[in-house]
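Below, chain A partners chain B and then partners chain C, in two separate complexes.
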Partner chain A sequence: MSSNKFSPNPEENAIRERKKRAKRGSHFFAFKRKYLMIPYAVFLALFIIVPIAIILVYAFAKTNENGAIVGFSAEAFLSFFTSTTKLNVLTVSLFVGILNTIICLLIGYPLSYFLANRKYNTNAVLVMLFVMPMWINFVLRTGATRDVLTFLGINGGNHAYLATMIGMVYNYLPFTILPLYTTMIKLDKAQLEAAADLGANPVGVFFRSVLPQSVPGIVSAAEMVFMPTLSSYVISDTLSEGKITLFGNIIYLHFSQSQWDKGSFMALVMLILVAITMVVSHKFGKEDARTENALW
Partner chain B sequence: MKNSKFVALGALALLTLPALTGCASNNNVRTLRILNCEDYIADDIVENFTKDWNESHPGEKISVVYDTFDTNETMLSSLKTGKSSYDLICPSDYAIQKMMRDGMLQPFDDIPDDNYNTYASKYLVSRLDSIESEIGDGTGVKHKVSEYARGYMWGTLGVVYNPAKIADITGLEEDEIKVDMNSWTSLWDAKYHNIMSIKDSMRDTYSVGIMKAYNDEIIADMDASGVFDENYNLLDTVEFDSEEALAYNEKLTKIFNRCGYEETKVVEKELLSLKANVFGFEVDSGKDDMVKGIVGMNLAWSGDAVYSLDRGENENDTYLYYSIPETGGNIWFDGWVMPKGADKELAQDFIDYISSPEIAAENMDFIGYTSFIAGDTVLDLVRQWYDPRSYAMYVWHDASKDSGCTWEDSDFVYDEDDELVYQDGTGLHEDTGDDYGPFDMTGSTYEEAVVDGVAMSWEDYQAMVDTYNEAEFGDDEDSYLSSGWDTVNLTYIFSGTIDDYDESTFGDTPDDNPYLFYTDALETITTEDGREVVAGRQFFTQYAPQEMLPKLAIMADYGENNVYVLNLWENVKANNLPIWGVIIFGIILLSAIVVTLSTIIIRRKQKKLRVERRKITAANMRK
Partner chain C sequence: MVKTMNPGEKLARFNKKQKTKSVLQKVLAQCFIWIVLLVMYVPILVLIAYSFTTATNIGTWTGFSFDLYVRFFTIADKDAVEIWTALGNTLIIALTSSLISIILGTCGAIGTFYSKKRWKGIIENVTQIPVVNAEIVIAMSLTIMFVFVQTYIFGGANIFGFWTLIAGHVVLSLPFVYLSVKPKLQQMDPALYEAALDLGCNQRQALMRSVVPEIMPGIASGFLLSVTLSLDDFIVTAFTRGAGLLSGDKTIETLSTLVQAKIKKGPIPTEMRVLTALIFVVVLLIVVAITIYNNRKKGPKIRRGRGTK
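This part shows the complex of A and B:
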């Protein structure tokens, strides 16, 4: 049906009139709600998509000494998978990341359970205390941790791994507590009571009701710890006195020595690892969580 | 729809454009862009230069943009990636070579009578002359670094150590420690396990590895050269710049610059065992760790050593020492370079300004590193710092020339460090309490000295002080030395930079040669096997002893071989998962697999049950 035709129906006329007006307006600038997205689109493109693209390009690029791309090269790829040193560093990073995640969960889980109980945590002051270190600059905090540990006799010289793990757990514990706490606070108390009434002992209540309900919290807590630990290097550098080298250090080393292809390739490896973690954990989270009540 | 998006983006770009171009539109103001290392210039120098320049060039105006970088490597990669352009940059020797090779630099004009050519230490310039590089023009012709760079600061790499602290931990005698610190191999010694921090910097730590790996070869070369005595000190009869000495230096420099594949493998082994012996790697925390006593030894650049030694003494009563081991080590330079496209005139004006001895001394006093510039003011500063003879009067006398104040006008006060200082029109001047000797100087002015009420010329005053010193310490050099004073020779730095001096009249004691210094900061220790070892503090950090110079080598840019050294460094820094780690990792992975599998199996079972139950229910329903 052609829109130019006059219709006897007054309602149709009104619609056509409105459309006309809208069309006139669009000759200048018709504001639409979706234009509000433009700043975000620009941000996304500039700071996320373009950098990733650059990493991708440089990872497989051959560069001359001024950093200009002159061709394709798989050298970075080969040098990564043939270098036992680089693979060793990756293993150590994965180990530190996983261990840190587990320790943080082991400490954070019971802690958040108790904190979510009003009996122990009136006014949520305690939660605040546990989360407070996050307010202080991360580098300063690590420097202070080094001083405290040195005072206690634990230092990178004699206990490089211990010092690093303490620093890691201290730094990432708040990130575990927050999501777990928000999940715990929303635990369906009626379900717990029902489980107990139906004859489950406390252990049964925990495994059959509390744990399944808190899986989304655990998943986001694990994500929040594992991913940044994998790429962190300030903590290990400061607390192990440079004796433990994580994946982040070695990436930095290659960039600072103008080995952009190798640095980019390792950054890409890290990106892929993080992506895998995301996919796996989301699969886990979705299977069990019917409600998206995690904070992160 | 697509179009409107582009319009919006275009509008955004248009909005930001004027903001970007706005600063460049004002043509009356020229800009000098300086890129320097962090904390590497006295506070007000840049500001004063701008003021001076604007006053001396009426009708023109400049402004200075001053930025900093933290390491040469980050500076190089930011220059390569970014579009930022600077007129003056201050990298280290090897980075200058690299920039020359990449064709990034333009040469300085050679102006014979500018401050740099007049006052820069002749010796240091000759060292700078000795390194060269291609300039990226494709011809492969090598050019001298000194054409493309103007020296700024220089120094050495050595070991700062705290004998008292180490003695405390290890139970060794302090003298033994001081003797040990005269050798690079001591860093590998299990006696000093877990006491020392080394640099988390590829080149510096690599240079130490070289000195250890080729220690025997270096010692054999020293023996063969015939210019060193049995203590590996330069023979008294051999000048530091004699041909034999230079020939030895060339030999050492070759060893020092080894960086081929085979050689890096040798050094790698050494550095791995060094890593096992040290407390840790550090970049910047080492200075404070030394002062606080967290570590007992630290591989340090001489300028950082000055900072540690000063702070240790002033704040913690910790007496730190600095040693350049007897087989020698690294001598390094930082210098100013002009990238292509720089405002040459302004850049050279700035170099001229900071190369005047007054500014150089101010700079040196502020940042603690040793200036490339010699000249009278720097000499005065060094004398004021280190000569134990009475130079309080000297400083006061010098200051009163500008301020015109008399002795009574000067106000003696204690500063926050409880050190006696005096105040006059020119500000605070440091001094130590007992330096005025036994004399009452009331009534003294710049023109004449009044000593105990008797007016005399300053020359007579100086003679009087000398007499006093002779009476106190004896009249010959030996008794100066016997009272714990050594003579340090700085001729190599200052020679030829001070016009007022006629060097042919100089004698060979500090009394008649201003380039020689008495110092009470050296200790001579005789070892059990009869060798004499000198342990030094501040003096060695500022100026390497003259007899040490043939043993100091410049470490050039590795060039193509950088990949080998990088590979070595990666291997040194990386570590395997320890055995307990492997076990824990294994357990974690195993239990993860078990949990996942069991969850899947349990779910399947439950599902089966559910299906069966539903079947039963359905069957029941049907019934």
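This part shows the complex of A and C:
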């Protein structure tokens, strides 16, 4: 490969010849490794790019229930900003999403800290136990939570928000523990000890060293909780008995009534929310990449 | 007598104080961990406990019995058949979609790894979309596309069925296969492929015999991830399914959709308590197996870590 000149050694020539032939392939269609990408790229284009393009079009179209376009209008767009029910969906979703993220972090953060710290816990199996519920069907778990809460007297009828929040925390807590635990395991112990040696009290050590080091874990944990909460359907539908309508519920409603235009518009709004969240978390992510570089 | 402490005594007393403090901290931390764990498991454990009684509602215990288990394994029981059908559907869908995902995803990862930077950038960015996107948006956009295709290409004939469902599940899991194979390709020694060519393999043989074995762990973890994602999925299934599979002429029911349909009407059906118990046992066995495997693999490492501390 290094030179194209023929060497005087006939054996080497033969090897080079064979390699060339292998590269060219024995068929007239020359196989190259990069061609393996083609089916993947086609799949991505057909099932990811095209659907998003279609909701962009449908969001500003009028459709009949067969999904055929019968005209274009900005009605969905205007009604979103004028109808209180739809703005309500947005505010309630954001409220539930933010609250759930905060609660999950408040429980998950100290929990992962204790789990990852040798001083408090030496049992690695415990982490598995926290992640284990993720492998049990989540609809089944949600139903179980609902039934137990009903037995305790908390149901969608009297405490719709409380029941929904409990269900959300139950479902998303394992998702926060995993990323937080992985960052906590990687905490620079030497830095913590150095901070303590240099006179920081435990509170100082926490705010100056532990917290800044664990920002990536917090960001990815929040990402794992926030968007899925906004768009969840089963949990809010089951636990609030249909009283709380999140983005997931309203999109599902449009789907079940074959209102493709309205559904598309709500999906588009959701997509914009996803994009905003991504930009925000990316910004935080970049910041710690910078501090990480500074550390090294 | 004047009380004087020599420095050694002072240090010992200080150490003792510190020790009791750290023991207290450890106890409190352990309490916190175990309380959260216990609270998290309450619904599942209560449900499993109630699989040993025939009461329809949780909270009213009507005596210990194995009746529900007997009913669950009786072919004639209508509810049990429903659950078994859903279970079968779920497994078929999970395995098929994961298989397609690992083939497409592995090929995609290999192909992208060896292609030009511009293509690489585009593919990686598009791969990220389903990872960060809300599941309901994926489901809705796919469904609208299928509706569009159905109306404008198939002239209104229903195309929703097994394959639209599989397409949905593949979209969900494909990026995770790609993302678990990619790091293995980066870790791989590039000389291996060259060596295979030098030793007389053609390109395809070189790929199959040198690259694929190297990235096998990545493919395996991608497969497991796909299976778990597919087993647990509700939204995409509910949107993209049609008639077919074990459900015959009726709409395909998976475990998630069946349970959802039931709990919308009332408490979890009694037979499903048995199902929960069985799933719990299976998952527990898997966790135990993984723990034992990990301990065996990392055994000496852990011991060394403790020694140095």
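The criterion applied here is as follows: the second predicted complex is superposed on the first by the 251 of 296 C-alpha atoms of A that agree within 3 Å, B and C clash if a C-alpha of one lies under 4 Å from a C-alpha of the other, contacts with A are read in each partner's own complex, and residues count from 1 in each chain.
Keep this in mind: a residue touches a chain if its C-beta (ideal position, glycine included) is under 8 Å from a C-beta of that chain, and two chains touch if they have at least 3 such contacts.
Given the structure is predicted, the values throughout are model-derived calculations rather than measurements.
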| item | value |
| --- | --- |
| Fit or clash - chain C, chain B, common chain A | clash |
| First, second, both or neither for A:L36, with chain B first and chain C second | second |
| Partner chain in contact with A:K119 - chain B first, chain C second, else both or neither | second |
| Contacts of A:R141 with chain B and chain C, given as first, second, both or neither | second |
| Partner chain(s) touched by A:T245 [first = chain B, second = chain C, both, neither] | first |
| First (chain B), second (chain C), both or neither touched by A:L44 | second |
| Partner chain(s) touched by A:F255 [first = chain B, second = chain C, both, neither] | both |
| Chain touching more of chain A, residue-wise (chain B, chain C) | C |
| Touching partner for A:G156 - first (chain B), second (chain C), both, neither | first |
| Shared chain A surface residues [contacts with chain B and with chain C] | 35, 38, 66-67, 150, 237-238, 255 |
| Parts of chain A lying in touch with chain C, wherever the complex brings them together | 1, 15, 18-19, 22-23, 25-26, 31-41, 43-45, 47-52, 54-55, 58, 66-68, 107, 110-111, 114-115, 117-121, 124-126, 128-130, 132-148, 150-151, 170, 173-174, 223, 227-228, 230-231, 233-234, 237-238, 247-248, 251-252, 255, 260, 263-264, 267, 270-271, 273-274, 277-278 |
| Chain C residues touching chain A - in the complex, by the definition given at the top | 22, 25-26, 29-30, 32-33, 36-37, 40-44, 46-47, 57-59, 104-105, 107-112, 114-116, 119, 123, 126-127, 129-130, 132-138, 140-145, 147-148, 150-152, 156, 167, 170-171, 174, 178, 194, 197-198, 200-204, 206-207, 228, 231-232, 234-235, 238-239, 255-256, 259-260, 262-264, 267-268, 272, 275-276, 279-280, 283-284, 286-287, 290-291, 294, 309 |
| Chain B-facing residues of chain A, complex | 35, 38, 42, 65-67, 83, 85-86, 88-89, 91-92, 95, 98-99, 102, 150, 155-158, 160-161, 237-238, 240-245, 249-250, 253-259 |
| Contact footprint of chain A on chain B as seen in their complex | 5, 8-9, 12, 71, 73-74, 76-77, 80-81, 102, 194, 197, 200, 202, 275, 278-282, 285, 294, 562-563, 566, 569-571, 573-578, 581, 584-585, 588 |
